[in-house]
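Below: a set of structures, written as structure tokens.
Across the two complexes that follow, chain A remains constant while its partner is chain B and subsequently chain C.
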Partner chain A sequence: MKSNANTGSASKTLAEPQSADRAKRFRIPLIARLLGAKETGIFLALIIMGLFLAVSTENFLSSTNLLNVGRQISLLGIMAIGMAFVMISGEIDLSVGSTYALGGLGTGMLILMGWWLVPALLMGLVFGAVIGLINGVLSTYGRVPSLIATLGTLSVIRGTALIMTGGQPVTINARNGADPNLLAAFEYLGQGYLFGVIPMQLVFFVAVAALGWLLLSRTAFGFRVFAVGGSAKAARVSGIHVPTVKIWAFVIMGVLSSLAGILSLAFMPSGQAGRTGLGLELDVIAAVVVGGASLTGGVGTILGVVLGVLIIGVLRNGLVLLGISPFTQEVMVGLVIIVAVAIDKWSTKSRSA
Partner chain B sequence: MSETSILEVRNVTRTFPGVMALDNVSIDFRAGEIHAIIGENGAGKSTMMNVLAGEISPDSGTILVDGREMPITSPRVSQKLGIKVVFQELSLCQNLSVGENVLLGAFAAQPAISYLNRTRSGRMAADMLARLGMYDVQTDTPLAGLTVAKQQLVEIARAISQEVRILILDEPNSALSPRETGRLFDVVRNLKSQGVTIIYVSHHLEEVLVLADRISVMRDGRMITTLENGPGVSLERLVAHMIGRSINASGQYALRSDANAHKGNIAMEVRELSVPSHIRKISFQLWQGEILGVAGLPDSGKDVLADAIFGLLVRSGEIEIGGIRLAPHRPSHAIAAGMSFVPADRRGAGVLLSMNVAENVISSALERFTRAGFLRLGLIRGTAQQYVDKLDARIASLGQKIATLSGGNQQKIILARGLVTGPRVLMLHEPTRGIDVGAKVEIYDILKSLAADGMAILMISSELPEIILHSSRVMVMADKIIMGQLRGSKITEEAIMSLATRSDRERAA
Partner chain C sequence: MKRLFFFTAIAVMLSSLTASGAPVNVSEFKLAPRIAARVASGEPLNIYVSYHDVSNEFSPFVRAGVERANKADGVNAHFIGPVGSNADAQISEIETLMGKMDGLAISSVSSDALAPLIDRVVAAGIPVITFNTDNPDSKRLVFAGQDLVQSGREAGELMAKVLDGKGRVIITTIDAAAQWSLDREKGAREALAKYPGIKVVRTLNTGSDPQEIYSAIENAMLADPNIDGILSMECCSTPAAGEWVERNGRTGKVKVVGFDLLDMTVELVSKGVIQATIDQAPERQGYEAVNLLVKFLNGETIDNVDTGVGVYTPENISEVIKK
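Moving on, here comes the complex of A and B:
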């Protein structure tokens, strides 16, 4: 098949001899490519926010505060990486806040029941995987649009967590029967510092982001996620089994939601099924969308998602440092999400026209 | 059957609600042959191809591959057997680059957790594109920036980039220029010489006669006959099989309208219309009662012209209809001034697929069919019925979903929608793309009677016979400008092609 690269007959038109020059002219210089990249706008917005906060507050640039921001965004970030896979594949998952609660509290209950740490953690991740599997199967083979399917499981999972815990808080401490050594190891995951400086949560986030980037942009699986989200028909025609790809994206999402829930319980060893992770799905989806992913699928990058997470994290941190009331903060965060996405859409439109 | 058949379909039947799409169809394909399948729209060709692709499973009947029974239950099974399909409707990922689209199948076959070698695969993709003569397309450019014609070639490149035993091409050149079609034929013949079986579904009978080893004709879901291509097979014979009765050859196309028919008023004047990097300073006048054809190769700018005039693209220059200057970039203004537009991309931009016939017919003049904000259902049905009758669209009822109609009937409904507003200027882009011979003739007749009643018609088309036989005047575009105009007996294929292949510099010289 490789032979006969040029089977075309000699052509009479002028188009071809020029093609070699034209190909050269089409090479875009690095700087232009950087300026044209989708992430550049988000990055600039982040820098502007950072500069403003550096000038108007005393503590923003202190390493304590920056590491603090890093820790605060980590759980959100871990889930946003999962959401990137789901949204690029053309689906959405609203149940992530509930999965976060069930995964964390479930793991906590296993620890209190006397399970060893590693089996309890793995079991917690399995909870997440099963939830992802259910969401994925419902949205593909079950033909329920994922917006509705996961709206349903959002409630089902939250209810299950309430039944499981009887609505009572789950508190991991020695008084409730946790082994002190195990407790120390568990709390290290959420409260510890790597090399004494870097919060463990941030370590997890960085690791998840790195693995997510590798999976999404360097493997065949990641490519299939883009193909499926870009055109399910084209993917099918090319031999991609669309449901499998989407289900795996949901499973990744479930596992990461559960991981974030577990880390959250390890940080603050008490949680309640009625409150933990309530409304979290909005922040997660917002971070991914601010990061440039499309709600219709096929578009998005891990770098963009990380920047989106940073924007939301820095914004919340900045509002606190500026002493703005928590009520006003909610208004501001909502507005920033709308403005960020609107600017992105406007600039894309003018670029393509 | 002395030669070995690589693929055989035996007594396959498939029904859809109310339609017998395939009625006991049997056909065999030999290794290394080019086997054309022809038939009018609705004849069952597409269903047949979808069965082979694994998209549709038959109600009864068997499929044999290499003489062994092999149920094709899914697209993956079909692909594992080496069957590759290029559907007429593009199935590409607009969010990916050209190269990634070419290699979609190859990447799909890799294990999920495996490294994508983009450098190597980029070269492979470039190689495939070069085979189709696309030297000027970089593999890392976004697919969305390519014209429909180039995208179609990308889709073909994708199909042949993998191990292929049987290649199914469903109307592969409906968007291609003659030169690109020629290149496609070279590739098809080259694949044949490598032992690949090619199933070629087409409306273009002339091409089929040139290219195919055998020709099968389908009609009303049945396999009518399979002919060995040779001196005894003529266009007339194929048409007779296709429509089930004989017609004289010239009956295929009506006679050209009188070249001097238009001496009415100017209906539309376009002055120095430009769209950056697509068209440059286009000026022309469109007269009442004429059909002005616009021909040109796919990258000549002709495919942008309609969108620019209608206001879908940012443009410069002036357009006047009946003394009213159109606001740039505002289609609603063009409609209000008396223009109707029938776009090329029927399923995308043309019809409201999820809505029914009546709703589609009146959708562009909605305000005329409401009173105090409420829909006037009686008036809507009456008007829709009137246009359906006038254009002879074959529908089961006004409430039928338009997605279930054949291409030709969909096109009539879109035409009806364009006429409901009572336009002075009717602009058509690829008015008969992908519809069958019978429906084409009917559409030409409709256009002619509209022109006779004084409507100004601008017809932009890639199909030369359509331009040559049905325009009273022809503008040929090349290299972003109007390279020349032809009238009356000067309108010939040679004249058009010689203008279409010129560049701007040549004209100046």
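Moving on, here comes the complex of A and C:
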């Protein structure tokens, strides 16, 4: 690969910015390119898990189960796409589980107060955007490290959701005052099927992943996200306004967390501020890290994140299909996260060495 | 058939409680002099009620019970406790407030972690009772609440009844490792074990987020398509199990028995998707927590109080809807 570095550098200025190493790989045969791709390790891990489950369980490969898995990973996936932006920009957001609760339950309360569906949904996303803005400003202009800033907002947001709801479950049904037509439309978002087959949540996930990929690898904004995460100093020198980029990453994260929360409420029309999305931030970060993103910023791809989400989802599904005891499942999930990241790091090291 | 008893249409109140304490009177208790002086002066007593998670869905009901007792007994009752089941936070809050307490009612996050603290509060001459979740190994005076093993047994019996004594059952819980869950599961398995036709296939630990709960049930039902009954151990996997059954057109084929009266649960019971649910009367638990302490400090002899269980089925669920 090294031999290509010189030829690659000539086209560097022409290719879109982030893809210095894509240009490098340009002349390498497809197979070698696939084997060398960052995501290959995770993809192989996923295939191995899938093969194992296909052999050892009756139902893993059934279309029902695969569509179930698709739906089960969707909300985690939507948030993981947002987390990819934040982590590639060199920050972290621990408040996403709380934002998920506040966005979903807040939207639900607006619906019960008689808001029309579209304004209520938009307002829910605005809640998420505002939270993202606050997280972003605190972590940049406020100079509070994002780990600490979002650890604080994690608690502030969940507390706000508890105050808003008085600790009572928010249940969206006709008896609580929701309009039946609006209710049907709202529930379609979470429970419906596109063409009668594909769960709507999965449709949202695919759309978010596609948009996320476009934004991250096909736009100047995406390039800047990598640049500020790779080296904030170098980015600043080259004229990128670092805080703006990071704040936008947090806003994307907030909006997507809120979207996931809204879809969750549309799926199970009852949520409680003390439980909804509790601890979800750890699953989201795990999925992104398994997908090859670095905690120190500058590294990560949307494809990798999608694969990371799939690994977590297939693992949870598989452990239940295999009938493994609940306590052993906890151990297995943790081990797989460690092993997946370790394999990724070792293979990256051997490739770059 | 002693089991016919469960089919009483109205809430069934039980009086059997496995008592680990005996009736107690303040004359047998080393009351702190400052509290004795306060009782004698007739000033309102400062009663603290520490609930193990003030952010869960029962907390508003427990608080309402505390407030009812506060008015009825003319005391200063304070509702306290950690957000999220956090034993350390519960301990440090009580340590901070100990000097002001004339009485403490506590529902422990963890029996083992809180027992030494309870003993310390008692040693300081402050009466302590437990409510909702007991702490039998501590020096607490009495307990007001539902016997968890017993309520698990009742749930198991109800499941056996709706299955006519035969079928394959999974048990669901949002926290398989929690003491309350282990107690209920123990009771449920005990009850189901009496029926040779019933097999408990597994315990499913669902996690506590609504999406997670539903997904876990969905996976488990696909893993074993011949499940006849889902027996939930708590509030939150009960409606999720009902939703799964309804959405997959298995109403009546897969029976659901669970706990509590969340809105969704009530709706699913009235539709006949959930065959039975057990209520734990959290408001009454909050009320008794304060009331027992006030009685005790005023010289009455107090004993354990079983706040009972209510069994709701499609036949009597309308009572809840009317409220």
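In this section, the second predicted complex is superposed on the first by the 327 of 353 C-alpha atoms of A that agree within 3 Å, B and C clash if a C-alpha of one lies under 4 Å from a C-alpha of the other, contacts with A are read in each partner's own complex, and residues count from 1 in each chain.
Assume a residue touches a chain if its C-beta (ideal position, glycine included) is under 8 Å from a C-beta of that chain, and two chains touch if they have at least 3 such contacts.
Here the structure is a predicted model, which is why all the values come from computation and not from measurement.
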item: First, second, both or neither for A:Thr276, with chain B first and chain C second; value: second
item: Touching partner for A:Gly323 - first (chain B), second (chain C), both, neither; value: second
item: Touched partner set for A:Leu112, first chain B, second chain C, both or neither; value: neither
item: Which of chain B and chain C A:Val144 touches, first, second, both or neither; value: neither
item: Touching partner for A:Leu162 - first (chain B), second (chain C), both, neither; value: second
item: Which superposed partner A:Leu66 touches (first chain B, second chain C, both, neither); value: neither
item: Common ground on chain A, meaning residues reached by chain C in one complex and by chain B in the other; value: none
item: Contact footprint of chain C on chain A as seen in their complex; value: 57, 59, 62, 64-65, 68, 71-72, 75, 158-159, 162, 166-169, 171, 173, 175-176, 191, 264, 267-280, 316-317, 320-323, 325-327, 329
item: Residue ranges of chain B in contact with chain A within the complex; value: 53, 75-76, 79, 85, 87, 91-96, 100-101, 104-105, 107-116, 127, 130-131, 133, 135-136, 138, 141, 158, 160, 179, 182-183, 186-187, 190, 194, 313-314, 501, 503, 506
item: Sites on chain A touched by chain B in the complex; value: 1-2, 4-9, 11-16, 18-20, 22-23, 26, 215, 218-224, 226-227, 229-231, 233-241, 248, 297-299, 353
item: Chain C residues within the chain A interface of the complex; value: 53-57, 59-60, 83-84, 174, 176-177, 202-205, 208-211, 213-216, 218-220, 222-224, 236, 239-240, 243, 247, 262-264, 267
